[in-house]
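Input: structures, listed below.
Shared between the two complexes below is chain A, which pairs with chain B and chain C, respectively.
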Partner chain A sequence: MDIRIEHLSKSYGAQIAVEDVSFEVRTGEILGFLGPNGAGKSTTMKMITGYIGIGGGDVLIGGKSVKHQGQELKRHIGYLPEHNPLYEEMPVMDYLEFCAELQGIPRVHTAVRLRQMIRECSLDNEKHKKIGELSKGYRQRVGLAQAMIHDPEILILDEPTTGLDPNQIIEIRKLIRELGREKTVILSTHILPEVEATCDRILIINKGKIVADGTADSLRRQAAGQEVLQVKIEDAFGSDVDQALHLLPGVTSCSAIDASSGRWEMRAVPGGIARRELFQLCVERRWVLTELIPVETRLEDIFRNLTLN
Partner chain B sequence: MRFITVIFKKVNHMEKLLDLYRSFAERGRRITWNQAIASLRRLIQPARRREPLHPFWVIVGREMSDHIRSWRFIILLALISLTCFGSLYTGLSNVGTPKAAGTEANKAFFFLQLFTATDGTLPSFTVFLNFLGPLLGIALGFDAINSELNRGTMSRLVSQPVHRDYVLNAKFVGSLLVMATLFFALTLLMTGLGLIFIGVPPTASEFVRILAFTLLTVLYVAFWLNIAILFSVRFRQPATSALCSIAVWLFLAVFYPILIKLIAKALAPQPGPMAGFDGSAADFQRTVINLLRFAPGQLYSDATTTLLMPVVRSLGPLTMEQVAGAIPNPLPLGESILIVWPQLTGLIAATVGCFVLSYIAFMRKEIRAR
Partner chain C sequence: MSPVWVIARRELASFFDSLIAYILLVLFLGFSGFFTWLYGSDIFMVGQASLQSFFNVAYWTLFFFIPALTMRLLAEERKTGTIELLLTKAVSDRQVVLGKFLATLLLIAIVLLFTLPYPLTLAFLGRPDFGQIFCGYAGLLLLSAAYTSIGLYASSITSNQIVAFLAALFISLFFHLIFGMLSSQFSGLTGEVIDYLSLTGHFESMARGVIDSADLIYILTIVLAGLQLAGFSLSKRNLD
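After this line comes the complex of A and B, so read on.
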């Protein structure tokens, strides 16, 4: 089921939370939704799920408008909200059963779905405990199980790995990737490596507006502008290396990371000319080139660049 | 196969099983034990288990289980049960005494004295319910909506495929069902224990009066439940809504009658030589009683008195001319209900009015996710 967001807007009084946001998510795609706190991620997600009303624009799910057929579309959406509110006095099993019944799952199938969710979210040892007695990680799992109990075609997960330990994070990421093969998944998180590990596409939102949309590689290419190389040259004097590197064709700047051990960082125009020239230089001067590492632009840098400037 | 077909045809309601057997036979497959058991299970399984439960009843079920498990309900249940047994003891000690029986007519309704008889040490069951019933209603309703809003579970609930008004309606119905079960159970328990200790079974008329009294009690407590739900929609903090509900209850149960009696005392007509003959004192008294009836406790008290004491023929002042020559026979149930009809409709109207206000306020309320 595809999701199409068309000129979505939302204001809280004078404060504009989301302003004219449009994008599309296709079936079988995992979209990473990034943005600083207060950027409008959660508001957008809440409008998609019908958690809050739509201010302006529309959300089309499978061609149907959330504004007009919201009640019907809620059956196709599984949502894990950021704060994950739960009935703390209820045991896990009772709560999941309650959610399954609210979603209209026939009672003969409820037990099967419950067992499946308990297994997939590793809640077996905690299933009879009250939710209030669970740790944050387990509550997060209960929220995740609740979002998936009715086997929705769309999953919207707002920071799903918050509070989980590293093993659990890996398990949940794996689960999301598996789910993303058949379902449409929108995932919001502040953990950028998680986005790289899990998502097919990244969308960055800032101050209610979309500032970047693409795959991790395409964003890097857009952000890079120039090639950054770290090199280690042995059997050479630092001053000679510094002078020679500055004179290399295509190199825009060069600085020593640790001159005593022969480590340098050089910035050059993209295209790989600088790498060939550097190799030729070392051969001519009989220097030993022991390291040549292209430094990739980190997603954190892209994020900072787009959201701070 | 013919033999099996004949058997199925002979037995009513087995057409489905016959069709199933035929379909297997036609396909040339043999029914294994597992297949047969699975098919039988599908047939035996009630249709309701195959159909999803309506979301309204899902929420009602959750509300009921939530109440039954909560400490406040258990404490109130214990309190009401204790007063019930205390009243029963008082009733049993005084039943049949001249003070309790009063007139000959009352003696005909011996069993009903269990609910009304008292020697003054402990109030009767009806008086206890008049006092504690509102507390139960308030306890079940004061945080119905605002606690869900504060925890953020309300937005999660309405983001499910559930109509918004189901939530409020289900909260009311869930609490009402819990209360109704509690009061019917207590009344029937009291009736049963009375039967054992007195050894005289209630007549059909007495039993119907007891059931009518229980229904009236549920209605009375439903009014207070709705007041509490209304405040829980209006105020964000459960403590505020609880305080407001208790304030309204205290005012109507304690201060309002005092206030009316003070005003009545100040405005009462001076007794003159013709007092009691011109009807002004009776009119004045009627006005005072009518003013007192703005309090639901007074309506409940009037109605229970009439239902459980069939000899009561009027709820207002009577002149000597009106009672002259009247035979003090008990009234039939229909006549008693006719007397308390204004009280009943008044309580129903107040309950519905409160519910409508809560409904409008809830539907207009913006539910913001946390």
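After this line comes the complex of A and C, so read on.
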């Protein structure tokens, strides 16, 4: 089932939470929803899941409008809200059974689905404990299990890996990637490496508006503008190198990282001319080029550029 | 299975898991038993094979206990955020409200079931009017339904359980006492209208063995209004 969001808006009183947001997510795609705190991520997700009313525009799921057929669409959506609220006094099994019944799973299938979820989310040793007794990581798994219990075509996960240890994070990411092959997944986070590791596409939202939309690579290319190279040149005087690098065609700026060991950082126009010129220069002057590392623009920098204004 | 029943079952189980149900049972049976059989104008003092004194005690104890039962129903879900999980499942706001209402009413019915030895004992002592007793029990259930829906509404407007408890008690107090007291201050149509609004008169006639359609309409109106308002304040999240 595809999700199409058309000119979605929402305001709380005078405060605008989401303003004219439009995007599309296709089946088999994992969309990473990024943005600083209070950017409107959770509000958008709450509107998609039908928890809060849609201010303006509409959300179409499989061609059906959430505004008009929201009740019917709820069955196709699995939702893990922010902070993962759960009934603490209930044992894990009872809780999952309750969720399964609410989602209208026929009684004959409930036991099979329960076993499957317990296995997939590795809850076997904890299944009879009360949710309140579980550690944060296990509670998060219960949250994921309840979202997936009815095998929904759409998964909306609001910060699914908060509070997990690194091993659990890797497991959950693996699980989400597997799920993402056949389902439509939207996950929000502000852990940037997570998006790169899990998502096919990234959407950055700031102050209720979309500021970037694309794959991690395309965002990088967009943001890059120039090539950053780290070089190490041996058998040369620092002042000579400084002067020569500045005069090199294609180089826009250059600075010493550590002059004594011969490390420099140079910025150049993209296209790789500077790299060839640098090599020729070293050959000419009989300097030894021992390192030439292209530095990638980090997602963090892109994020900061787009959301700090 | 209907979502209403799924929610009601979970809610009922949580009353028993959290000991609330047991505390209610002990307190209610303790109070009503004490004042029906042992103290004040108890059955032996009155000297009639009637459960009138039990109904009078239950009338007051339920008035205090029901807000204590209903206060957490929606307020707690709001506070912990589980309401978001519940309402994004395949259920409507109305079904959630109905499920919780049903659970509370079922719990009260179970508690009242435990007082069945009272009329049985009475049958050994004399010849009670079972029709009247049946009407009295029906009256208690109807009264509970009214107070439960008021409590549910009070619980839906806040995330603080104490506020929900006090609000429910405050609203119920009008039906329980204040309208009755006010009606004697007014004469003519105003007095009659205010008198109709008081629960006391309706309950007393039911406890005497008369269930009038006017009584039924009165209670049903309160129940429906309470549930509707609770549903409204749940769906208020949809408005800006």
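The working rule: the second predicted complex is superposed on the first by the 309 of 309 C-alpha atoms of A that agree within 3 Å, B and C clash if a C-alpha of one lies under 4 Å from a C-alpha of the other, contacts with A are read in each partner's own complex, and residues count from 1 in each chain.
One rule holds in what follows: a residue touches a chain if its C-beta (ideal position, glycine included) is under 8 Å from a C-beta of that chain, and two chains touch if they have at least 3 such contacts.
The structure displayed is predicted, hence computed values, not measured ones.
Enquirer: Could you classify chain B and chain C on chain A, in the superposed arrangement, as clash or fit?
Expert: clash
Enquirer: Counting only touches as set out at the top, which of chain B and chain C does A:Pro166 meet: first, second, both, neither?
Expert: Neither chain B nor chain C is touched by A:Pro166.
Enquirer: Could you look at A:Ser11 and tell me whether it touches chain B, chain C, both or neither (first, second, both, neither)?
Expert: After superposition on chain A, A:Ser11 lies in contact with chain C alone.
Enquirer: Once the structures are superposed on A, label A:Lys74 by its partner contacts, choosing first (chain B), second (chain C), both or neither.
Expert: both
Enquirer: Considering only the touch criterion stated at the top, classify A:Gly63 as touching first (chain B), second (chain C), both, or neither.
Expert: A:Gly63 sits against neither chain B nor chain C.
Enquirer: Please indicate which partner A:Gly55 is in contact with in the superposed arrangement: first for chain B, second for chain C, both, or neither.
Expert: A:Gly55 sits against chain C, while chain B stays out of touch.
Enquirer: For A:Arg107, select first, second, both or neither according to whether it touches chain B, chain C, the two together, or no partner.
Expert: The answer is both, since A:Arg107 touches chain B and chain C.
Enquirer: Can you list the residues of chain A that touch chain B in one structure and chain C in the other?
Expert: 46, 49-52, 71, 74-75, 79, 81, 83, 85-90, 94, 98-99, 101-104, 107
Enquirer: Using the touch definition up top, name the residues of chain C that touch chain A in the complex.
Expert: Of all residues in chain C, those touching chain A are 1, 3, 6-7, 10, 13-14, 17-18, 80-82, 84-92, 237-240.
Enquirer: Per the contact definition, I'd like the list of chain A residues that touch chain C in the complex.
Expert: 10-13, 46, 49-53, 55, 71, 74-75, 77, 79, 81, 83, 85-90, 94, 98-99, 101-104, 107, 146
Enquirer: Using the touch rule from the top, collect the residues of chain A that touch chain B in their complex.
Expert: 46, 49-52, 71-72, 74-75, 79, 81, 83, 85-90, 94, 98-99, 101-108
Enquirer: Give every residue of chain B touching chain A within the complex, in rising order.
Expert: Within the complex, chain B contacts chain A at residues 45, 48-53, 55, 58-59, 62, 65-66, 69-70, 151-153, 155-157, 159-163, 368-370.
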